[in-house]
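Right after this note come the structures.
You will see two complexes here that share subunit A, one where it goes with subunit B and one where it goes with subunit C.
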Partner chain A sequence: MYLFLCIVSFISVFPLYWMVSAATNKSADVISGRLIPGGYFMENLNNLLAAQNIGRAFGNSFKYAAILTIVSLLVSSLAGYGFEIFHDKAKDTLMSIILLAMMVPFVATMIPLFQMFSKAGWLNTTIGFILPTISTPFLIMMFRQSARSFPHDIMEAARIDGLSEIRIFFQMFIPTMRSTYAAAMTITFMNAWNSYLWPKVIMTDANSQTMPMVVANLTEGYVTDYGMLMLAVLICTLPTAVVFFCLQNAFAEGITGAVK
Partner chain B sequence: MKRKILAALLASTMVLSLVGCGGGSAETPAAPAADSGAAEEAPAAEEAPAADAETPAAAGGDETLTVWCWDPAFNMNAMYEAEKVYQKDHPNFKLNVVETPWDDIQTKVTTAATSGDLSTLPDIFLMQDNAFQKNVLAFPDVCMDLTNSGVDFSQFAAGKTAYSVIDGKNYGVPFDNGAVVACYRTDLLEQAGLTIDDFTDITFDQYLENGKKVLEATGKPLISMQAGECDLIMMMLQSAGASLFNEDGTANIVGNDTLKTVMETYKSLKDAGVLTEVNSWDEYVGDFVSGNVAGTINGCWIMASIQTAEDQSGNWAITNMPSLVGASGATNYSNNGGSSWAVTTNCANPDLACDFLASTFAGSNELYDNILPSGALATWAPAGDSSAYGEPNEFFGGDAVSAKIVDFATKVPTNITGAYYYEARNAVATAITNYINGSDLETELQTAEQTINFNMQ
Partner chain C sequence: MSKSKKMTLSKKQNLMGWVFLAPGAVLIFIMSFVPMFRALVLSFKSGVGANMKWSGVSNYVRMFQDTVFVQSIKNTFFYLIIQVPVMLIFALILASILNNKDLRFKGLFRTMIFLPCATSLVAYAIIFRSLFANNGLVNLVLVNLGILDQPYAFLTHTTSARIVIIIALLWRWTGYNMVFYLSGLQNIEYSVYEAAKIDGASAVQSFFKITVPLLKPTILLTAIMSTNGTLQLFDESVNLTNGGPANTSITMSHYIYDMSFKYVPNFGYAAAMSFLILVLVAVLAFLQMKVGDKRD
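Up next, the complex of A and B:
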């Protein structure tokens, strides 16, 4: 039993280990399959800094992902809360329609979206990045499900005490649903950080490139420096890893829908 | 305290999202269906003023051009050098080079062309030769006709310009050289009692014989190739002047005797163990970098990867590729890869863009000398005469490889790519894989032709 678990965890951890060790080797060693960490970390780092504006891309990615996470959590949780707490027949039908929208792949809506955004002058802007995913059916559904476990008695009590609906949401719902927010935050941040297709279409200016785009830049050309590439991938992975590790307890709770 | 921060955060995001929503509702009606239809009909004319306001490239009447290309060490470097050369006569000239991987350029061009909004395109972009015909045929509004632009196309190798000629019109200024070179490890050949001369101007029959000797003496195959890809097949086919398509664009697979010979030759190399197949590009590069094979045949750009194995300096040599036996028009020269510059119809100053290309990539020895150290070899014939091209390369045993390759490039037969080149290559790759695994050649070729015809419908 433990042997099996060991093998499986080795298989899942190995690519991560290989990424880290490759980031410290030179390209020729990576290709020939060297697995032990080497001494080329600083050289790779210097090459990377010389080849790409990593700082700018990191900053851009972080800015887009952070703003998108905050805004979309707020919008989606308000929507999910509303759908559940004030539900009636019409709203339930509307919810089904929203869920149907989950089935439409993004590539199908990309070209009309691009047309609209280009006309509105939103290419190369933060708003252009965040607007298409500001509210996602998945998040709305997630918040709707968790609002179901929100105790109605407390709400009634709050209403009797004269708390307005909007304050009930901000002062009671949000603090109670901390773990759901944490889970949603992890998912949204990761998606925003890793998103590639949409930014690649609308970010035509070098100043607005994001981290995944920079990593993609490194694989082009006749010679790929694998050590440098792995270092860039490592840097690109760090923020999502940090967010996940910080919120992992809450994430697990949020996914299972617990209320504290 | 925590609550206050939270409240402040939420309040600010509320404001932000309201701004977002407000902007959204005000702007979205600006693009109703009817409107966009009109835009599609006359994209270039109507969108151009909008482009001036939005893209920094076209701002004002200054001499700035925006360029998309993808390799900082290679084609981006070439553009920066070209900028310097052109600035000598045009001090106000400036380039805005945006690093964009080829796949991204393809996505952006497709998005812009299908949405009818070409204003997001740059002035000049680099296009893979293999994709040139496809893009010009599929999106006729994107690339500008450069036939009478002042660029002298006759000075380029004919096999190279053919990639970007559609209906007799030139749409691309050739950039990097994809002439095929055969690279060998001379130290390994020596162990089998052979030299580089035994591999020069030979046929594939002799290649096979030599390969067997090398295999016996060293236990190493002569060449490795990526399974499921047909790079070598295509190089062999083009070396005999044959293509997967006819002049009129129809598929030329069944009854293409040269293709049949190519497939049979490939299989005999594989069966003899002279050629070994690997699963990925990384393994392919790894094979010759770590000395698992005694050489490779590919576009001359592969030499940059070979030279990453610094410990093997002096042990490599290049020569021309073997020729096909039993094919009319067989030569020792072919092409794989390479790219050309295209000027878009969104370019606000086409005269400047054309003049820039004509006086740099199609007219400056200085430029080609400057970019030679980065491995960018010209297809512009006059460049080969410059002294920089005659300098010996120590890695390749002190041979003047650059001049050699420019000479190879001028002898490459043309290849008809058409709009469905990638689809055809995939179909042929499937056919060769099945054929190697024992399936009947005629049947496989018929399936391949059917697949291509299905794609073209």
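Up next, the complex of A and C:
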């Protein structure tokens, strides 16, 4: 059993280790199978900076993902809270209609969205990037689920004390549901950072391209500089890896809440 | 008097609820349902830009005569039928091993197996493309071990290109599904397993008699999510094999993208193809829910 787990863990980690080691080696060394980190990191970095505007792409991706995460968490948690705390028949029906949206594949909405957004002048803008995914059925469901465990008597007490509904939400719900917010944040940030199809559709200008787009551009060409390419892949992976490590436990907790 | 006051209070709260959920609900309607219906309308038109004309069902007829699109449907289903069951079974086995209370280094194993999920789809597609390249590490190892005489072009042969995509998908998503199962397992009292053990049940027996039935809702959820995701596969097809060789590994979403934004844009035709995906997702989700219900 331990052997099995070790093999699976090795397979899981090895490609990532290879990515890190390749990022610090010369392309020729990577091809010849060198697996230990080398001293070619700065050269790879300089080549990369000369080949593509990585700094700008990183900045763009970070800006889009950060703004989307903040807005999305606010809008989706407000909705999830509204659906659960003030639930009645009409709202429950609306919720099941909204859940149907989970079944709508993105490609089926992509073309009309592109037409809508280009008419509105939102190509190459942050609003164009974030608008389709601010509100997602999955997040609303997750927050609705967690609002179920929000103690009712405390809320009643707060109402009697004259706290407004908005303040109950901001001063009591948000602080209590920290782990749900952390899980939602992990999921939203990762999805936003990693998204590829939608930015490829609306970010037509090189100035507004995202990190995954720029990394994908690097593979076009006949000779691949593996050291440089893997460094780009590494840089593209770092932010999501950091978010993942910081919020790992909260993520698992939040998922547990959602699966119940 | 107090009753009427209560009424207005609950009315006020009811209204408050609508205020809370309005932004989220409105956005989903405008960003999901409205475009979906516009895509349906668009799928009955053809032409370019402002010169779109009604063309009846011609886009739908064309779809099934388009050899590349038919190929992309076959490819997508090939990935779906092989990858999703293998991945879910594997994730389930891993989760039940990691659920064992006596296991040491549990957290470490869990983190390592979940780690691939921290990589972006484009990033891991490029890592796998590099590993399986002609001058990549996999070929190097196989040649040095004497299994191959010379490097094999994994990505330019149809079968191996598809298998590489499946391997990559398994690598990226197994840990993700495992986390869902691990969370589901925490809702099962561990004493149930201990009691089964005392009664002489083997690990395999308690897996099939306890874990699988009790996790059914979670299994259903992950099956629907993975099916949905696989039908929309895009990043891997673009960045790992670029649909090649000769479109034999291209996915439906990849072809729709090319049809809309790479070649001369044909939005009507692309919308018709995308609507087929929508129907497929709906039908498969419905079937899965039916099967999931029956086993009760």
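The definition used in the following text is that the second predicted complex is superposed on the first by the 256 of 260 C-alpha atoms of A that agree within 3 Å, B and C clash if a C-alpha of one lies under 4 Å from a C-alpha of the other, contacts with A are read in each partner's own complex, and residues count from 1 in each chain.
One rule holds in what follows: contacts are C-beta pairs under 8 Å (C-beta built on N, C-alpha and C of every residue); 3 or more make two chains touch, one makes a residue touch a chain.
Here the structure is a predicted model, which is why all the values come from computation and not from measurement.
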item	value
Clash or fit, subunit B versus subunit C on superposed subunit A	clash
First (subunit B), second (subunit C), both or neither touched by A:Thr125	neither
Subunit B versus subunit C as contact partner of A:Lys200, first or second or both or neither	both
Contacts of A:Asn47 with subunit B and subunit C, given as first, second, both or neither	neither
Contacts of A:Thr219 with subunit B and subunit C, given as first, second, both or neither	both
Subunit B versus subunit C as contact partner of A:Ala28, first or second or both or neither	first
Comparison of subunit B and subunit C by subunit A residues contacted	C
Partner chain(s) touched by A:Gln115 [first = subunit B, second = subunit C, both, neither]	both
Which of subunit B and subunit C A:Thr240 touches, first, second, both or neither	second
On subunit A, the residue positions that both subunit B and subunit C contact, one per complex	31-33, 75, 110-112, 114-116, 131, 134, 197, 200-201, 213, 216, 219, 226
Subunit B-touching residues of subunit A, taken from the complex the two chains share	27-28, 31-33, 51-52, 67, 70-71, 74-75, 110-112, 114-116, 118-121, 123, 127, 130-131, 134, 170, 174, 197, 200-201, 204-206, 209, 213, 216-217, 219-223, 226
Residues of subunit A that touch subunit C when the two form their complex	1, 4-5, 8-9, 11-13, 15-16, 18-19, 22, 31-33, 75-76, 78-83, 85-88, 91, 94, 98, 101-116, 131-137, 140, 165, 169, 190, 193-194, 196-197, 200-201, 211-213, 215-216, 219, 224, 226, 229-230, 233, 236-237, 240-241, 244-245, 248, 251-252, 255-256, 259-260
Residues of subunit B that touch subunit A when the two form their complex	6-7, 9-10, 13-14, 16-17, 20, 23-24, 27-28, 30-31, 36, 50, 53-56, 70-74, 98-104, 107-108, 111-112, 114-117, 119-120, 122, 282, 285-286, 289-290, 301-302, 304-305, 308-310, 375
Residues of subunit C that touch subunit A when the two form their complex	13-14, 16-25, 27-28, 31-36, 38-39, 42, 94, 97-98, 103, 108-109, 111-124, 126-131, 133, 135, 137, 140-141, 144, 171, 175, 179-180, 182-184, 186-187, 217-218, 221, 228, 231-232, 234-235, 238-239, 252-253, 256-257, 260-261, 267, 270-271, 274-275, 277-278, 281-282, 285
